[in-house]
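Structures are listed in the sections that come next.
Below, chain A partners chain B and then partners chain C, in two separate complexes.
Presenting the complex of A and B:
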């Protein structure tokens, strides 16, 4: 911090430091803390509380009925007292009903139902699969763009990749929805060839199959795999490939010993981004399945917040997802021997 | 200077592969764009009922989508206002810090980029409710800024690495105040990056869905409105939005390529 003050003077340095501190606290750390805190408590919702309150109200009206017909002042006072007691009891119960006491613990995590846990595991498995497929599909693309084409072709290819990348994620999903829908492009083509009859609802229900989400997801996030790999491969000296070839290495060997080791940071970054995006994607499954295909975990999280209105449970789900993503990032960093500075480029 | 490392056969296979890949990227977008001009009232290219522009007119009269567009622009401007100063400050501090203490700060500041978008939306939603602010445009700005500021910071960091610090020192030696030096040397040097970072922030914010959908509460942006409509069925009006996006992106990238080529020739 001293060097900052030396460079920009004390007043300016404190403004800069102040903004950075606000950013860290208000936008990053405290919201994260709030979410974790929210996931660690719940309110004991007691169904019998409201029943007890109802019974007390009934008791009171009965007593009031007795009191109206009673003439003895001593007994009347006794009735008054029992009414007051019951009213006090109602007041405390109603306060409890409105604002049940917080209980802290890990129950939000352990209470996840079997079905939800299955969806959680399946989502992570799918995200891993999306990542692996994207890696296989993208490696040749990145190789061609970065190494195996002339500079002009490389620029054209870059633009060809950047244009779809720049187009709204949602619209890219929508394009696939159009293609795979009941009356979508594929069914339309099949119908025009006479294989199926759309008017008789004989369409093929692509959207009810989990692979529809899969296809759209790879389409949506594939470029997050390409660009990091291109970036690292571009720095590879082509003479190294020439040298390896001159020394008699086969193509496979060149890839394994020269190109892939050099591309390691790019592969790590691409995998991290693709996994993170697909594991946490809400847009693709929500739009592609429209409630008919299998749920993804992000949809469960959304419903906890906006349908069940159970923010504590929702936070616990979100924290679980965050933990898995963080673990994946750390694992990739360890496996590929890259640091955080290589990642965010 | 195409390299001769591949045999002709291998090059052919690679070229076909790349061709298929580009086709895979563009075909869905082309289909989506074409359907916007079909007068059939379900977005389709296979059931062609004649060319029309009526869906463009329908979009122009769609109040909710237009309001969504306004909201999206407001949010994006808010994100620029928050994330550019934040990213700049973070980058200035990091370039002056030593390697070791810098790494911890760097990890914290970059972490939002590596966090799933829905988590950022959720944590902002919870945080701001503590202050009585329900989900809405403001919370969306805050949630988006948390990671867009990191992107801005990375852009500023890259620029600052190429900075010639002797200029700043010379200005101070010649008697300029720190303020004057910052205004006349540092900021002009960073101005192009401020512009780039603002454009990136605007685009990122405008197209964001996963974070926004959690933070937006009862309000809506263009993108969340489109998404909630898709649940009830497809409409060619959405295709029109798509066509406009595709056209703008194409124009922008062609302009970018042309501008970038100029200095070389």
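Presenting the complex of A and C:
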């Protein structure tokens, strides 16, 4: 702040600092805070409240029946008082039913069912798998774009990588659906070659296998893996590759000892991006599995919000995912020995 | 380590339509410190990369120790290359850098680190093995690069202007250091540079290269005293150049009609009577007074003190002659009108040709 004020003067420095604070507030603190807050409380909705209310209404109508046949004024007054008491009780209970009291605690996190926890763990595992597969697929691509081709060719390759991204993500996922569907492109080709008979339902059920989701995800998130790697690989001094070759190193050793160590920050960033995107992706598993394959955790979060209408539980699920993703980032940074500075590059 | 000889047999290198190296024959002796000297873009680096195996010659053969290197990659040749920017591996320690070539050859870790230590001792960097290259000074990095290249026990060490990034003092120091290392290990050094000072100071022999062609291959003294072409004459050292017409020609001597009058010199190339030619004379071979055969009256235009010597800029008939004389009281008392002279032996007559500077 002090140096900002010296460089731009106090008024402009205040504006800049204000914008920065606003940025952090709007983009990070407010949404995250709201989500965390939401996940930390629940409403004590007692199941027997409505039963008690029903019973009280019943009691009142019985008392009113008794009161209608009663002639003794003293007893009548006693009935009236009893009715009033019960109505008051109903009012409090109904207020409670309508607006149950908030209770704060960690119960939303601990209440996750065994099945949901299993899906949670499986989603993390699948996301790790997608990340690993994407890394294997993208490293050679990034290497060719950044180092192995001339500058002209690299531009063409880069454009070829970006062009599919001009199409909406949903359309791209649906395209894969059409390719892999029961009566999709692949099964269609196989049928036309006489290997299978679609009318006899002899298709290959690609979509019932999680690998269909993997495939679509890798396709969808390829750029997020390739870009950071290309960026770091481009900064590698090609002389180092030549020096390693001149000293007698094999291609494998050059990659292992010279190129990959240099590309580490890019690999870390690519893995973090791909992992977060795939762990949190809703559309890809929702479209690709169509209920045929297993759910991903993101689908559970969606259901908590919009089908169970339990926003608190949904928030807790979302926060859990966030915590695991953050842990993954820190782990990757530790594993690859990269600091925030490397990632920001 | 034993050096091997390197022979280029009609090697030419083309990139598409452009010729980087014209058909070249060159023989470099085993254990020699050989420099290839030329301005940037003359093809010297291309030639070096051809010897190291990064470039395959378009025609001709490269032979190292008598063995044809055709089809052999840089990792299969008995050469090691030191890059212009050194290309040390920044993420490895100094010792790992030096041991990398041995690692690639599958040597056990303990053995290769021991060998790396020996090589670091050789280049006087014994205590620096655990440091990163970025922790070292320019001169130290230089020596790490040398140690790394020597680790693979090459028969031929190729150096691509490795001193160009250093400052002047360090560069001069590294010259003698390089020369000493070469004497100690006894292998063939092929050194690429555009700096004639480096080439002349270190080398057993120097090849001067221009526009993809070897102009002359000789030791430093010969290059300086007996340049074979106008390019070499003007690229190596300072030179006064006069244009003139050949008026008489006898065996090894010729007389030229130049703007400053008739001068005589030794013939250094195919010239013909009545045709234009170039006359070259070194500034330090011109004397004040009338001692030589060729005497020229001039006017002293400027005096540039260089410390032990003084450069005199003299004007005569629209030409400028530079004369280098030892500094002393007599130089300070020079009159404006002088007579310069130089001997026939010191004046060289070349046919018209490309000069090094314009």
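The rule is short, and it goes like this: the second predicted complex is superposed on the first by the 319 of 345 C-alpha atoms of A that agree within 3 Å, B and C clash if a C-alpha of one lies under 4 Å from a C-alpha of the other, contacts with A are read in each partner's own complex, and residues count from 1 in each chain.
Here, a residue touches a chain if its C-beta (ideal position, glycine included) is under 8 Å from a C-beta of that chain, and two chains touch if they have at least 3 such contacts.
As the structure is a prediction and not an experimental result, all values here were calculated from the model.
Trainee: Given the alignment on chain A, is it a clash or a fit between chain B and chain C?
Mentor: These partners fit in the superposed model.
Trainee: Using the touch definition from the top, say if A:257 reaches chain B (first), chain C (second), both or neither.
Mentor: second
Trainee: Using the touch definition from the top, say if A:60 reaches chain B (first), chain C (second), both or neither.
Mentor: Neither partner.
Trainee: Please name the chain, chain B or chain C, that touches the greater number of residues in chain A.
Mentor: Chain A has more residues touched by B than by the other partner.
Trainee: Determine, under the contact definition given at the top, whether A:242 touches first (chain B), second (chain C), both, or neither.
Mentor: Touch partners of A:242: chain B and chain C.
Trainee: Applying the document's definition of touch, where does A:196 land relative to chain B and chain C: first, second, both, or neither?
Mentor: Neither partner.
Trainee: Which partner does A:140 contact after superposing on A: first (chain B), second (chain C), both, neither?
Mentor: It touches chain B, and chain C stays clear.
Trainee: Please indicate which partner A:93 is in contact with in the superposed arrangement: first for chain B, second for chain C, both, or neither.
Mentor: neither
Trainee: Considering only C-alpha atoms, give the closest distance between chain B and chain C in the superposition, rounded to the nearest Å.
Mentor: 6 Å.
Trainee: Shared contact residues on chain A for chain B and chain C?
Mentor: In the superposed arrangement, which is not itself an observed complex, chain A uses residues 242, 245 for both chain B and chain C.
Trainee: Which residues of chain C touch chain A once you look at their complex with the stated criterion?
Mentor: For this pair, the touching residues of chain C are 52-54, 73-75, 79-81, 83-85, 87-89, 91-92, 100-101, 103-105, 148-149, 151-152.
Trainee: Can you list the chain A residues touching chain B in their complex?
Mentor: 1, 3-4, 7-9, 11-12, 15-17, 19-20, 22-24, 26-32, 34-35, 38, 137, 140-141, 143-144, 147-151, 153, 155, 157, 159-164, 166-172, 174-179, 181, 183-185, 188-189, 191-192, 219, 238, 241-242, 245, 251, 254, 272, 276-277, 279-283, 286-287, 290-291, 298, 301-302, 305, 311, 314-315, 318, 321-322, 325, 329, 340-341, 343-345
Trainee: Give the list of chain B residues in touch with chain A in this complex.
Mentor: Listed in rising order, the residues are 1-3, 5-6, 10-11, 14-15, 17-18, 21-22, 24-26, 28-29, 31-32, 35, 42-47, 82, 85-86, 88-90, 92-93, 96-97, 103, 106-120, 122-127, 130, 142, 145-146, 149-150, 154, 168, 177-179, 181-182, 186, 203, 206-207, 209-210, 213-214, 223, 226-227, 230-231, 234, 238-239, 241-242, 245-246, 249-250, 252-254, 257.
Trainee: Which of the residues in chain A end up touching chain C in this complex?
Mentor: By the definition above, chain A touches chain C via 237, 239-240, 242-250, 253, 257-258, 261-262.
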